[in-house]
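The next block holds one structure in the form of C-alpha cells; read it before the comments.
The first chain written gets the first letter, and so on, giving A, B, C, D, E and F; residue counts start at 1 in each chain.
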Amino acid sequence: MGVVVQNIERADRAIIDALAECGVATVHEAQDRTGLLASYMRPIYAGARIAGSAVTISAPPGDNWMVHVAIEQLRESDILLLAPTSPCEDGYFGDLLATSAMARGCRGLVIDAGVRDVRDLTAMGFPVWSKAVFAQGTVKNTLGSVNVPVVCAGAAIDPGDVLVADDDGVCVVRRADAAVVLEKARAREANEAGKREKLASGILGLDMYKMRERLAAEGLKYV
Amino acid sequence: MGVVVQNIERADRAIIDALAECGVATVHEAQDRTGLLASYMRPIYAGARIAGSAVTISAPPGDNWMVHVAIEQLRESDILLLAPTSPCEDGYFGDLLATSAMARGCRGLVIDAGVRDVRDLTAMGFPVWSKAVFAQGTVKNTLGSVNVPVVCAGAAIDPGDVLVADDDGVCVVRRADAAVVLEKARAREANEAGKREKLASGILGLDMYKMRERLAAEGLKYV
Amino acid sequence: MGVVVQNIERADRAIIDALAECGVATVHEAQDRTGLLASYMRPIYAGARIAGSAVTISAPPGDNWMVHVAIEQLRESDILLLAPTSPCEDGYFGDLLATSAMARGCRGLVIDAGVRDVRDLTAMGFPVWSKAVFAQGTVKNTLGSVNVPVVCAGAAIDPGDVLVADDDGVCVVRRADAAVVLEKARAREANEAGKREKLASGILGLDMYKMRERLAAEGLKYV
Amino acid sequence: MGVVVQNIERADRAIIDALAECGVATVHEAQDRTGLLASYMRPIYAGARIAGSAVTISAPPGDNWMVHVAIEQLRESDILLLAPTSPCEDGYFGDLLATSAMARGCRGLVIDAGVRDVRDLTAMGFPVWSKAVFAQGTVKNTLGSVNVPVVCAGAAIDPGDVLVADDDGVCVVRRADAAVVLEKARAREANEAGKREKLASGILGLDMYKMRERLAAEGLKYV
Amino acid sequence: MGVVVQNIERADRAIIDALAECGVATVHEAQDRTGLLASYMRPIYAGARIAGSAVTISAPPGDNWMVHVAIEQLRESDILLLAPTSPCEDGYFGDLLATSAMARGCRGLVIDAGVRDVRDLTAMGFPVWSKAVFAQGTVKNTLGSVNVPVVCAGAAIDPGDVLVADDDGVCVVRRADAAVVLEKARAREANEAGKREKLASGILGLDMYKMRERLAAEGLKYV
Amino acid sequence: MGVVVQNIERADRAIIDALAECGVATVHEAQDRTGLLASYMRPIYAGARIAGSAVTISAPPGDNWMVHVAIEQLRESDILLLAPTSPCEDGYFGDLLATSAMARGCRGLVIDAGVRDVRDLTAMGFPVWSKAVFAQGTVKNTLGSVNVPVVCAGAAIDPGDVLVADDDGVCVVRRADAAVVLEKARAREANEAGKREKLASGILGLDMYKMRERLAAEGLKYV
C-alpha cells in the first residue's frame, strides 16, 4: 500500500483503438474466452464502446483519495480502473473527478464499486462501468496504491493492460498480447460476416457448421 | 437428455397476438396471479412487447450446442426459451444466432442465463429477456434436449406454452388455457378502462372499490 | 398495525423544490453523508429528478390494501413511500394506482418492493424508484399503517420527511433539517462550480485541494 | 387457489426408505442429474437424511394458513413442502406446527422460505431444509392450495413425489420413477464401493476410468 | 459523526434477562411482529441465547476505530451493535476486542458487517450475530459515533434498546416497551404450552383454532 | 486451455505448517491485509485449520474432468484449488475424488463452486472451503488447465502459492513471500499475547494503544 508507479508501459494506440471497434464479445473469444470482468459490471448508459490502457487504483473501502493521485498518472486514451481492497459499493467517483479525468484525455472509468452523478456523467459523455450506482460519499484518509496489479470484478489486471468495454461489459487484454489478439479478433470478424449472411438467408447453423453427424454420434434422438 | 421433440402443438396465432397486446401484468392477473418468471429476468432494451409459442431448450451450463438444434424447430412467431440444467450466466446467445432465429420467424429469446452482443441485438430489434448480460463464451460438447418441459426462472414451462413478455418481465400461459386467459384478460382491460377514468377524475379507490367499511371492520384507525 | 395518521406536517414547498434541483448526491453530502437509501433502489426510467414529502406506508408482504388508504392522505407534491414489513418484491403498484396518485398531485413513488406497468408509468411520466420490476399481483386482506415511521431500504424515514430522488437513487432529509440542508447544499453547489472550471482547465485535484503534503506525510511513495 | 387435493397417491414406503439411504447425490445421478432443488436450500442442522412423499403447499407470501390445512393431509412418513407464490423468507413454520406435523408422522419440512424456532426444532429432531432462518411472523388471511403441482426452489414437484434430503440438499424423484431410480441408485452405490477402494489404494482416476487417451485426443498438453 | 453519548439509559436488568429466556420468535410476536433484523444476520455458533442493552456504533466502512471507543461505554450485560455507514463486510471485530468487551461484562456483538477469529470467539463463548465471517482487516483513521440512533440490518435501533438474539436471529425491543413486551411474551408462552400439548396429542390446528368455518367461507374446496 | 504444468515449485513444508498454526486472520494482517478470498468461501465443517501448496485447476462450468488430471499432480501436503472459468456452483467434487486426493496426501480443497457428499467428507476429515454445497453432477467433456495462474473468489493465485484456511475463510500467501510472512505473523502473535492479557485485565484499548489524543484531535466529542 502507498505506492504510485509512474511510467507504466502502454500498448500501441492504433491497436487499442482497433480493439475498441471489435468489441468485448469478439475480443473475449479471440483470446480463448478469457479476460471478462464479472457480469455485474454494467454501463451507466447504453451505446458506449471504448478501449484504453488501464491506470489501476487499489483503494480502501469508502476512501477515494487515490483517485486524485491516479488522475495525475493519466495520459491520452487511458481508462481509470478502481478495485477496492474489500467489497464496497460507495460512490468513489462523480462529475468533478470526471471533469478532471477528461481534461487529461481519459476515456472512461471501470470501477468494482459505486459511481454517482450519473446524470451529469451521461450528459458529459463520460462512460462508466460499475458494480453500483450509489451516491454514498467517501473520505480521503487512507492510502492505497496506483498502477499496481489488481483483481477487479474477478479479473487479474496489470497497469497498462488494455481494457475493452461496451454494452456487453468489460474485457481485459494483456498488454503484451494486444497485437496478436487484435489479429485474431479481426479474423474472427471477417469470418463472422460470411456466416451472418448465410444464416440470414435461412441456412441453419446445424448445416453450416456441419453439426448433424457429431450430434447423432453423441446420441441425440429426434422424436 | 439428448432428446428433440419435433412437432409440438402451438396455440392459435390470433390468440397469441392478442395476448401480446394485453401485456404481462394483465395476463398474469387474468390467470389468477400465476405464471410469472422471476423478477431478475429483464429485457435488454425497453419497449418490446411480444408473445409467442415456447420452443424450449434444456442446456448444460456453458454449452450452447442445443441452441443450434432448437433453431431448426422454430416456426413463425415462436419464442426461444432456454433453461440451463444448473445456474449459469454464460452468454449462450449473440447476434449470429439471433440472425438465424429471425430468419425462421422467431420473435425473441427468454433465457435464464446470459446473452451477449446486446448492442447488435438492439439494433436488429431482436428482444431478449435474460438473467444477465455477459459475453462469456460457451462450448458445443454436451447434449441437452429441445422441446421438453423445463423450469425457467422459477416457472414450469411446457413446449408450446405461450410466453408473453414486456417491460414488466415474462409470463407463461398454458397452451390449453390460452383462449380462456385471453378472454379474461380482455374483460379485465375493459373493466380497467372505466376505473382509470374515474381515478383520473379524483375519485378514490377507497370509494370506487367500496373499501371503507371492510377496513373499519378490520380495525383500521384514523388518528 | 392498522393506524392512519392524517395530518402530518410537511416541509415548506419552496425548500422541497429547491432540494430537488440540488439532487441526491449534493443533498447527501450536505447533510454529512447520511440519509441514502440502499443502492438497489433504482428508477424505472432515466432522467427524473424530484423531491416531495413522504407519505409512508408500512404494508404486509404481498398486500397493497394500504396503498389505497394512503392515496387519500396525499397532498400536492407528496411522494408515496412503501416499506413492506418483511422482504418482498411483489408489484404493489401499477398504472391505475399511479393515475389515482397523480390526480392528487403525487410526484412519484419510492418502494422497497416491486412495481409493474412500467411502460405505462413511463408514458405517464410517473417516476418510481423500486427494488424490483415485477408484475406479481397482490391481495387486499391485511391491514398495515399509513404515516408511521418506517425503515425503507436501510434508511429510517418519518412521515413528512423530504425525499429527494434522481438517477443516483433516493435520499431522505429530516423535515426539521430541510432548510439547513438546503442552505448547505447550495453552498456546496456554488463551491463546486468554481472547482469544476479549474479541473476542466487541467488543474489537478492534488494541487487544487493541496493534498500533496499530506499524502507524503502518510508515506505515499512514487516509483 | 383455494383447492385441497385429499387422497394423493404415494410411492411404496420401502422404496422411499431405501432412497433415503442412498442420499441426495446418488439419487440425483441415478436419474440422469435431474431433480435437485437450488443450492440455497440448507438444512437447519447437520446429519439428517430423510425421504418421504411430498404433501405440497402453495402459499401466499407471509401467510401460513394453508400449513394448518396441509397438516391434516399428512400421513406417516410424508414430508411437507411449501412454495410461496412469490419470493418470501418469512418464518411460516415453528415448533408448534412441527409438534402437530410430527404427531401425524411427518418426517420433515422443505420450504422455499423461512423457518423459526430452529433451536426447538433441532432439539425435537424435526429436520427442515429452508431458504432462510427468519422469525418473521405470518398471518392467516388468504387462501392457497394443498397438494397441487408447484415449483419449489427451481424444481417442479407434484404431490406424492418422493423427496430425498440430506446435508447435500434436496432432490425430488417422480413418484412413478421411484422404483427405477432406486434400482439405478443401488447399482451406482455398488459400483462406487469398488472404485473407492481402488482410489484409496492410490490408483488414479485417470487410469481407473481410462481417461488418458481421450484427454490426449482432445489436445491436453503436459509441460 | 464524531459524537459519543456517554450515559444512556438502559432497561431493567431483570426484564432484559427474562426477555432472553423468551427468545427471538416469541418476543417478535409479542410486539406485533416488529423489530426483527434481516435474516442474513446469523450466529457464528449455534445455541447462544442472550439479551442486553444496545451500545450502538455507527462506523465508516473498513474502519473499526469507534469499536475501541464504544468498549469504554459498555456496562455489565450490554451488547455491542455496529452498523456501518455503507454496506461493508470487513472483519471489524476479533478475539482481542472480544477479550476487552468481555472484561467489561459485554454479552455479545451484533454487527451488520463481518467478524473474524470465530474459532477463538467460539472457544471464549462470546456470541456474535453478523452479516459475514470475513478476516478482512480494518483501519483506524476516520471518526464515527457511539450511542446514536442507527439502522442495523433493516431495523431502527436506539442506544439502550434491548436486543434479544438466539439461533433464529436478532430482535430489538424499544427500551420504553421492554416491560410490556415481556408481559405479552410470557402470556404467549403460557398460552403456547397448552397448545403444544394438544397438538402433540394429535388434535389439529384446524380444530384447535376453529379455522374450518372461516376457510369454507373464503371458498376453500376439498377435492 | 488444455495445459498441465507438472513440476511446480512449492514453499518449504515447515513454513507451510507454521503458517497453518498462525491462522487466516493473522497471516492476512502479516502481509498488509492482502490475499483473502471472498467471504462467501465457507468451510463445510467447523474446526479445520490447514495450509498447503496450491495445485490450481481452471475448469469449465459444470465439467470436472480436470480434477482427475490435477490429482495426479498432487504431492504430500498440497491443497487442490479450483476456479471455474465462469460463475458456477455445480458439485465438482465428492467423496470418491476426496478418497483419491487423500491417498496422495492432499490436505483439502478450496473451490469457487460447489461440493457434494459433505456428510462423507466430514466423516473422512477432508476439509473443503466452497461457494456452495450442491449435489449437481458434472460432465467430463471439455478441457481446462492445471497449475496455471487463476483468480479464485477474487484472489489471484499462482500454482505453488501457499493457501491458509480455517473457520475465518481462506488466504493466499505468495510462495516467494512465505518465509517473510511467517516471520511477521509470528511477531504479530507474540505481540498479541501481551495485549490479550492486558485487555482481559480491564485495560482499555483506548489507553493501551494511546488513542485518546488522536481521537480528540480528529474532533471526537463526548456528550
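Here is the rule we use: a contact is a pair of C-beta atoms (placed from the backbone, for glycine too) under 8 Å apart; a residue touches a chain by one contact, two chains touch by 3 or more.
Keep in mind it's a predicted model, so treat the numbers as computed, not measured.
Contact with chain D and chain E alike is made by C, F.
For the self-contact between chain A and chain B, the two sides draw on mostly distinct residue numbers; the shared fraction is below half.
When the contact pairs of C-E are set against those of D-E, A-F or B-F, over half line up by residue number only for A-F. Centre-to-centre separation between chain B and chain D, using Cα means, comes to 28 Å. Rounded to whole angstrom, the centroid-to-centroid distance between chain E and chain F, based on C-alpha atoms, equals 31 Å. For the pair chain A and chain D, the distance between mean C-alpha positions equals 42 Å. Multi-chain contact residues of chain E (touching two or more other chains): 33, 36, 39, 85-87, 89, 134, 136. Taken as a contact graph, the chains fit none of the simple arrangements: neither line, ring, star nor complete graph. By the contact rule set out at the top, the touching chain pairs are A-B, A-C, A-E, A-F, B-C, B-D, B-F, C-D, C-E, D-E, D-F, E-F. Those residues of chain A that touch chain B in the shared complex are 23-25, 28-29, 33, 36, 39, 42, 46-47, 49, 166-169, 171, 192, 195-196, 199-202, 204-206, 209, 211, 215, 218-223.
Residues 60-63, 85-90, 134, 136, 139, 141-142 of chain E touch chain A in their complex. Every residue of chain A that touches chain F in the complex is listed here, in rising order: 1, 32-34, 36, 38-39, 85-87, 149, 151, 154-156.
Of all residues in chain B, those touching chain A in their complex are 2-6, 45, 65, 68-69, 71-72, 89, 91, 94-97, 99-100, 102-104, 114, 116-119, 122, 132-137, 140, 143.
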